[in-house]
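Worksheet: one structure, shown below.
In this document, chain identifiers A, B, C and D correspond to the written order of the chains, with residue numbering beginning at 1 in each.
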Amino acid sequence: MTKTLSIPRPCTRIWLLMMVLTFITWAVAQLGLSGQWLILGVLAIALVKGQLVVDHFMGLRRVRGFWRPLLTGYLLLLGAALAGAFFL
Amino acid sequence: MKYQSQLVAKPYFIAAIGLFIGQIIFGLIMGLQYVIGDFLFPEIPFNVARMVHTNLLIVWLLFGFMGSAYYMIPEESETELYSPKLALALFWIFLVAGALTIVGYLAVPYARLAEMTGNDLLPTMGREFLEQPTITKIGIVVVCLGFLFNLGMTVLKGRKTSVSLVLMTGLVGLALLFLFSFYNPTNLVLDKFFWWYVVHLWVEGVWELILGAILAFVLIKTTGVDREVIEKWLYVIIAMTLITGILGTGHHYYWIGAPEYWQLIGSVFSALEPIPFFMMTVFAFNMVNKRRRDHPNRAAVLWALGTAVMAFLGAGVWGFLHTLAPVNFYTHGSQITAAHGHMAFYGAYVMIVLTMISYTMPMMRGRAAANSLKSQVVEMWAFWLMTVSMVFITLFLTGAGILQVYLQRYSDAPQAFMVVQEKVELFYWMREYAGLVFLTGLLLYVVSFFIGGKEHAEQRA
Amino acid sequence: MNSTATVYDTQPKSPPGDLAIWVFILAELLVFAVLFVVYAMARRNNIELFNLHQLQLDRAAGLANTLVLITSSYFVVRAVAAIREGETQRCSRWLWAAFSLGALFLLIKGAEYQHHFSMGVTLRSNDFYLFYLSLTFFHFMHVIMGMVILAAVALKAQRGGYSVSEHTGVETGASYWHMVDLVWLILFPLVYVMH
Amino acid sequence: MSGTFTKSMARNIFIGGSAFFIFLFLALSFDTVRALPERDNRHNITDQVALGKKVWEDNNCVGCHSLMGEGAYFAPELANVYDRFGKSTEAIKGFIRSRPVDGIPGRRSMPQFNLSEEELDAVAQFLKWTSEINDAGWPPNIQG
């Protein structure tokens, strides 16, 4: 099974992206943003990072069946519930 | 039945059914006392009838668990029981100790019984489910040690299967947790805190391991599904049981003076306690659907499936009904608790012992695998009568509980306890009738073992 | 996106690792989801208290811990990639690297706890700290559990216990560790940032 | 490869998961026992209150009553009976002392326990002590 290694590996790029997203989450809060936009923004970033973990780190992107939709649904449902609790 | 020493289970099961009938009779007495306040007063006051009812329940279930273990372990370990004589000796010690305790409850006032049995030396009496005199408790510990020793030696010298290991874990856990019943501090809050180590960690912890092991054993024998598959699911189920059940103890610590973080932890984890029961239902139906052969004892398979479903309904659903702290604030110590108690005990533990009795009795009485078709039909009638009447008992008590909570707890003009009790009397009458139907079902169950006839189908065990 | 590092001819029907662990990953995700929603609901009836005490938290430590866990998770992905090519020693080195980052997480978190406890904060102080300590300590314990699993797998890998054809154990440990990371990815913004 | 579901993994999870949660439960129980003194009114436990608990147990009161919500549901909850009876131990003693031997026709009735004056005082003090435990404001109202 020959292996074509694209430099850098996809999982490395995903890792760097998540580090940046995390830094953004922190920076946004440090800059004193608060209230509705902070909550929505930070929550959205968290869900994106979560989806990246599910797809690339857990490797569910390459798995058929209900596993990926289940975890994506979990993230969306949880995100909606938290957003609802913070706003309604 | 491969090993002669498995016959030791027979007296245990017979004693279990005998005590079960006694339990139901006292249950009916109490049910009547709920509606006719002075029935049998002052000869048998309510508290005495209740002690007899609850203690008979626990003792006959213990007899059932011991009988099941004496039947399963030799077959699982593929060797004769270490000492059948010891098993029989312990049987008579336990039966006599139990009978004496019950006679003690009925014959003399409880305070007198406490005096006679030297409760002052080490006071452990007077607490719910643990009303036995201290000397009886010591007798129970002795019987447990002998029982575990007997089984332990059998397992050690024979094959070690997951089913027997899980069963042993459950039984050893049961024995160790019972030791907490000797701890009775003068501080009521501490007393209650550790009292739940005996009660909760039994029925929502180690007893579920015993339930899982027996159900797995019966399913292996009746469905012929590969042992590896069944034991794999058994471990997953009991892992979920302990994961949710241990911290689930918190739902007893809401209102007894313990710190308020238990309201969060207890609610969250006890809310998940129905999951292992749901998995057990899916597991049981799955195994029966994927069965490799049709076992002639269809009654036993019906009991096994019924156990899984009723355990999920009674312990799972009815438990979740009142386990969340905000809800429990109003339903704590009401008829809702009684409703959950009835269906959970019947669904999870009474039915699994009846499953084991229904599966093993024909073989222990010399038949190949099952009773005659006629007797199985009667047994199935007994199954449905008992199960449906228990559902109704639970529904009626839930109705009484909801009304009680609404009138006495939740309303802004709360009414007195006795006033509300009179208002819900209709439910208590209907519960009593359902109880009579239950007794009919139970008697039918006993009768079904005495109906002869050609053995059902020629298929061997 | 050109073909990724390793190519699968047919997509497998079940996730990497043992299915039993996935039963528990789903159960753990459910428990944490319930805890998060209950946190958010409890916050609604005294938002000032939650916002006030949230400021007491060391957000930088939270950030550091998030970066540490993400990196540790990445190391585990590299470990799985290594074992799939039969590189058992490289796999176990990646696993030990992930393990040490887990230890770093415990250190940072431990320092935070030490700081809180020294200020007399306990589960019983107030609602915010009840949830903060329950959620983070429950996750803290999961990090320890995950590290125990990673260590066991790393040791077995070191002894050549895994090969290209049989490395389910590595994938099982990896999946559990990713779950622990995923939970923290939500917990950090929820408890440390959102106000 | 993926798709396996082994018994050994399930057993490891059973052992690991149980140990994990037993540890958590013991840690919480330890914290609770440490935190109880300021909640459970233990500084007011006199010999009389201790005797009261013994009288409560020796006569199996929990066979009809519930205490702090635990026990039987045949007779009223007694954790707040002291408040319900107008914060008077005499009222409690009077009620117990005056139970008719043959009960009340057609109605639930408490048996006559023939308690001595000392025992009556003790159990009344025990019920007063129980009502002062910080049990998160339970029961919801005076009716218990």
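A few comments on the model shown:
Here is the rule we go by: contacts are C-beta pairs under 8 Å (C-beta built on N, C-alpha and C of every residue); 3 or more make two chains touch, one makes a residue touch a chain.
Since the model is a prediction, treat every value here as computed from it, not as a measurement.
Common partners of subunit B and subunit D, by the touch rule above, are C. Counting C-beta pairs in contact across B-C and across A-C shows that the higher total falls to A-C. Among the chains in view, B has its Cα centre nearest the centre of the complete protein Cα set.
Chain centres here are Cα means. That of subunit C falls 41 Å from that of subunit D. A straight line joining the Cα centres of subunit A and subunit C is 14 Å long.
For this pair, subunit A with subunit B, the centres built from the Cα atoms lie 47 Å apart. Those residues of subunit D in touch with two or more other chains are numbered 2, 5-6, 10, 13, 17, 20, 24, 31, 35. Those residues of subunit C in touch with two or more other chains are numbered 12-16, 20, 24, 123-124. Residues of subunit B in contact with at least two other chains: 232, 235-236, 239, 243, 259-261, 265. Per the contact rule defined earlier, chains pair up in contact as A-C, B-C, B-D, C-D. Those residues of subunit C lying in contact with subunit B across their complex are 20, 23-24, 27, 30-31, 34-35, 38, 123-124, 130-131, 134.
Taken together, the subunit D residues at the contact with subunit C in this complex read 1-6, 9-10, 13, 16-17, 20, 23-24, 31, 35.
Residues of subunit C that touch subunit A in their complex: 1-8, 11-16, 22, 26, 29, 33, 36-37, 40-41, 43-44, 59-60, 62-63, 66-67, 70-71, 73-74, 76-78, 80-81, 85, 175, 178-179, 181-182, 185-186, 188-190, 192-195. Residues of subunit B that touch subunit C in their complex: 232, 235-236, 239-240, 243, 259-261, 264-265, 267-269, 271-272, 275. Taken in their complex, subunit C has these residues touching subunit D: 12-21, 24, 122-124, 138, 141, 145, 148-149, 165-166, 168, 171-172.
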